[in-house]
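Structures are listed in the sections that come next.
In the two complexes below, subunit A is the common chain; its partner is subunit B in one and subunit C in the other.
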Partner chain A sequence: MSDARLSVFKTYKLYVGGKFPRSESGRVYEVTSGKGEWLANAPLSSRKDARDAVVAARKAFGGWAGKTAYNRGQVLYRVAEMLEGRREQFVREVADAEGLSKSKAGAVVDAAIDRWVWYAGWTDKVAQIAGGANPVAGPYFNLSSPEPTGVVTVLAPQESSFLGLVSVLAPVIATGNTAVVIASERSPLPALSLGEVLATSDLPGGVVNVLSGRTAEIAAPLAAHQDVNGLDLCGADEVLAKELQVAAADNLKRVLRPQPVDDWTADPGTHRLTAFLETKTVWHPTGSLGASGSSY
Partner chain B sequence: MPTTASAFADATASDSALRRFLHGLPGVDAVGLEARAAALGTRSIKTTAKAYAIDLAISMIDLTTLEGADTPGKVRALGAKAVHPDPTDRTTPRTAAVCVYPDMVATAKETVGDSGVLVASVATAFPAGRAALDVKLADVGDAVAAGADEIDMVIDRGAFLAGKYLKVYEEIRAVKVACERADGTRARLKVIFETGELSTYDNIRRASWLGMIAGADFIKTSTGKVGVNATPPNTLLMLEAVRDFRLQTGVQIGVKPAGGIRTSKDAVKFLVLVNETAGPDWLDNHWFRFGASSLLNDLLMQRQKLATGRYSGPDYVTVD
Partner chain C sequence: MAEMTPTTNNPFAYAPAPESRSVVDIAPSYGLFIDGEFTEAADGKVFKTVSPATEEVLSEVAQAGAADVDRAVKAARKAFEKWSALPGAERAKYLFRIARIIQERSRELAVLETLDNGKPIKETRDADLPLVAAHFFYYAGWADKLDHAGYGADPRPLGVAGQVIPWNFPLLMLAWKIAPALATGNTVVLKPAETTPLSALFFADICRQAGLPKGVVNILPGYGDTGAAIVAHDDVNKVAFTGSTAVGKEIARTVAGTEKKLTLELGGKGANIVFDDAPIDQAVEGIVSGIFFNQGQVCCAGSRLLVQESVQDELLDSLKRRLTTLRLGDPLDKNTDIGAINSAEQLARITALVETGEAEGAERWSAPCELPSSGYWFAPTLFTNVTQAHTVARDEIFGPVLSVLTFRTPEEAVAKANNSQYGLSAGIWTEKGSRILAVAERLRAGVVWANTFNKFDPTSPFGGYKESGFGREGGRHGLEAYLDV
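Moving on, here comes the complex of A and B:
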């Protein structure tokens, strides 16, 4: 019997608003392995898919940003648990996509899962790093706390299709932003599979939306979109990055310019975590400071 | 009006005659109706046609606030928005009207002034319509006296569903009389059927004809206060009714879907229904309206997108 079994091909689909739609345009493109063999057809997203993704991300923003930091950490840790359970699938996809051996791909996936856990731990610690009590010349407590920027478009790195993706996506949502991610153009399959993991791990629909297709085609309307608040240009080449920055300037988006990363396994530091934060400062009167000093 | 009344004099002579007439209307093919509405909804309206449709839809909106929490301030804000929907772009058309409760008519009237935006008032114990006839008439009288240009009345669904068609008919006639002003002019009368409560398409067709022969200037789907509001099929059915009514009597009557129309795409679908069913004569805010509030913001965002090429967002329209 086993000889006669038909293979079950997987239809890779987008992940938008917690659902798995095909591209509104009905288009797909062929995804090949590092060696040039056909792997699957992936959706070729249009600007309307991008628009729908922003609507979903905006809708999810209030709820996600409003969760306690601790709860966000729990949800993100749950994502890591789910990734662990589907480790074999990701090892296969990463090996195919990046032309790695099974063991090398395994190391990459392990690093990605560890990174996800690392960022999950940061959710309730970032306020201590990026915020604080400011000394002011008056009878006030003056407190700065970091708040998420809003809807962030993330251009995932083109080469590192999974570890790179996790390294740019996790810090954006850890702080309470919602994300529209454009997967690596050549190797989108791990990103599309990540959508399936996110859908089953308590992450509210719309917090992460994954689009696949031509990066330049999808990124242009997102960079100009008036309802997108931030733009991570990690996966853009120099020419595209410049173009997108010009478009993004129109509504003063927060832009993270592409920085070359040679080794995604290296310690990422906190700069991605703090890239899409706004600072809210609150003044609270302490009452008068009497002759004897503080009254509180 | 007199022509309509006399043309249907036989039908309205008695309760049984009216029942015979309404039940003698052809039954509605529900599957066909829904398929037709769905098919017309697939038309692709792009570029210049889309720009035209968006501006037309904005000009057809009865910008509505019907909440217990309405304050004079909210009504003034709504009125100002009706006059200048997009303050950053003065080429944006005005909406057709603002629609408020009777006690807010004076405030609304003051805000819209002589801008050309009309003031519509719901009346007759909106939204349930559960009150004695003189209470309903007093409600209408108040709104008209306060300066309402249009009255949106609700029919007594209880009486309609119980088969007391003549009672509903006479109530509409009485409200129509109450719409008259001291100077001899008359507020236009919209009759709300609350199609979501009428249970069948046959009932919606009967209610449409009942409203039209009783002298409605507009027939309106719903109050916006129940689960099912304006849908493409029930609006299509009412558009067929006004088309047939004009063929039969020469009298043109308006249609107003209300409630649940929130996106530009939906609005454009309704305009396609109007054009393909009643015809281009109805593509005018004197004959077709949208009862809506959040729809306007979506139309404005689409309008900005067409003007600038960039997708707009809710930060760039007013919060109501």
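Moving on, here comes the complex of A and C:
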């Protein structure tokens, strides 16, 4: 009887604004395994899908940035819990996508889950390493605090479809930004499945939006978009990266250039956490007790 | 010297109190400063720098071309090897020397800056120069403590820094650029603005007095094309620019696809928000310093006054009364509040934007004052009946022009303040602490002054959100721009 059971395929869909739409263009493209076997038809996102994702990310920004850092940490930790529960699914998808053995794919997924946990713990610590009190030479209280940049477009790494993806996405949202992620072009399925995890992890809709398709086609309108504030070019080759960086100059997006990553399991450091932060410095006169007259 | 109020029977009339020019000796001509030597430009080009208060030619300065840029970058590259290898404590001592020499020569430099820039001696003496010395002193101390700056152990310098600075705070902007660059072990090629090259050339002499190794600091006066050549040079590893947003975007395009690290400090349209419970007299002083400090030629100027509707009349009466007491005239006079506009071009820009403001229906009020017959001058001006759509509420004027808008609720104030392509500075005036914190948190601006305005300090990071640029200058944050981290 077991031989006769036909498995149920999953329709992979985009994740935008907390919902799972197909591409508005109606287009899909074939996703194959490392060995060339058909895995699924993934949405081939259009420029319009990209713009819709920006609208969703902008709408979510105020609420997400405004949450307490503790709360953002709780939500991100919840994502790790959900990932753990779906571990087998991700091991299968990563093995298919990257041509890895089950055990190697298992190690990759474990590393990705651990990375979520790592970043979950950063949410309420980053202000203390990136901000601080400034001892100005005058009677002023002076404090610098990091704040999220806004809506960040992330070109996920092309090769590391899951651990790489998690490693570039988690720091962006941990600090309060919202993200539009372009999944690995050849291996988008783990990213699209991650959307399903995020949807069930208390993460407000729109904080992360996942698009699949041709990286260059989707990235171009996002790099030029006036309501996008940051751009992580991780998944772009040299030619595309330059083109996108030129477009990004139009509204002075913060751009993180592609940096070679040999080993995604290595300690990521804090530079991805601080790449999409602004520093705000607030001054106030301290006055003086018992003195007469103006404290200014 | 012209004064804002008629002097007849004015009990507040001041006698002229000019600072002596004799403290500074300006040579008839200056060369480029490359590899420790003053030299002519390869193509022999020169330009004149004038005093904007009198249009008197102060000196003739060599104008660097592409060949000179290449020579300066080569000198900086050559010097980088030894400079970056020096123990931090030794680099620190050079910077401490420079800070001390600046303090010693601060009166001379203040007078020079006032002559070349047109700003009041009161400001160069009490703000620019003390901050310049403090900035070098502050970053000197970092040079041997970089391991502890939070960027990992032994953070490395980038190499040759190409730096392009504006004319509004010529020597202070030089300090903001050169001090952190040298402290972290980089060498520099710096272009001062074409209208204010002199203090940078005097700084070259200070480097000589300090015994700074040749090639560590190179100064290339010139126009925009000189700056563009520095930015585009293949052997420059770091670009730092302070200036207009339009040029900043062009620079961002130029360095795209290269390894050059970029920081930009660009335009602003700062909102200065006055709530109904603010102490009006103190707020008025803050508004005045916010927009009329340095004739409003300040990127972080509080050029949009957002006043709560219920106190608008009282505040504006008080503000106008205060503006009539400002003294406009000879920048070297110690009683002068408002000096000259830096150049004929800038005056034309201000004039055109003010004309646009009037044409668009905003109501103009200018302080009644007589402008000197020579030089470039603009009376302190404010616009009322301004809406968010008006050009004078949106575009950076970079002059002594204040646009007044009103609001009813804190939410409206925040929304209007943030309704700008810029995000450099903002001000908040209220006696209510929780409101300060709530509003400050929601303002998208890099510097927020609460119950004060236009305060600067080397320990305090400065820089913008949005199209006001990226990166920070000052404080521990300011090191990052010059480190390979």
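Just so we're on the same page, the second predicted complex is superposed on the first by the 286 of 296 C-alpha atoms of A that agree within 3 Å, B and C clash if a C-alpha of one lies under 4 Å from a C-alpha of the other, contacts with A are read in each partner's own complex, and residues count from 1 in each chain.
Keep this in mind: a residue touches a chain if its C-beta (ideal position, glycine included) is under 8 Å from a C-beta of that chain, and two chains touch if they have at least 3 such contacts.
Being a predicted model, the structure only gives us computed values, none of them experimental.
A count of residues in subunit A touched by subunit B and by subunit C gives the higher number to C.
Applying the stated contact rule after C-alpha superposition, one finds that A:Val136 touches subunit C and leaves subunit B untouched.
In the superposition on chain A, contact of A:Ala224 is made with subunit B only, not with subunit C.
Look at A:Asp250: by the touch rule set out above, it reaches both subunit B and subunit C.
In the superposed model, A:Arg58 makes contact with subunit B only, not with subunit C.
Overlaid on A, the two complexes show subunit B and subunit C touching the same residues of subunit A, namely 250.
The touching residues of subunit A, counted against subunit B in their complex, run 51, 54, 58, 221, 224-228, 250.
Of all residues in subunit C, those touching subunit A in their complex are 134, 150, 152, 245, 248-250, 252-253, 256-257, 259, 264, 266, 282, 285-286, 421, 436, 440, 443, 445-452, 455, 457, 459-463, 465-467, 469-470, 472, 475-477, 485. Partner subunit A is touched in their complex by these residues of subunit B: 304, 309-316. Interface of subunit A with subunit C (complex): residues 129, 132, 134-138, 140, 142, 144, 149, 229, 238, 241-242, 245-246, 248-252, 254, 257, 269, 271, 278-285, 294, 296.
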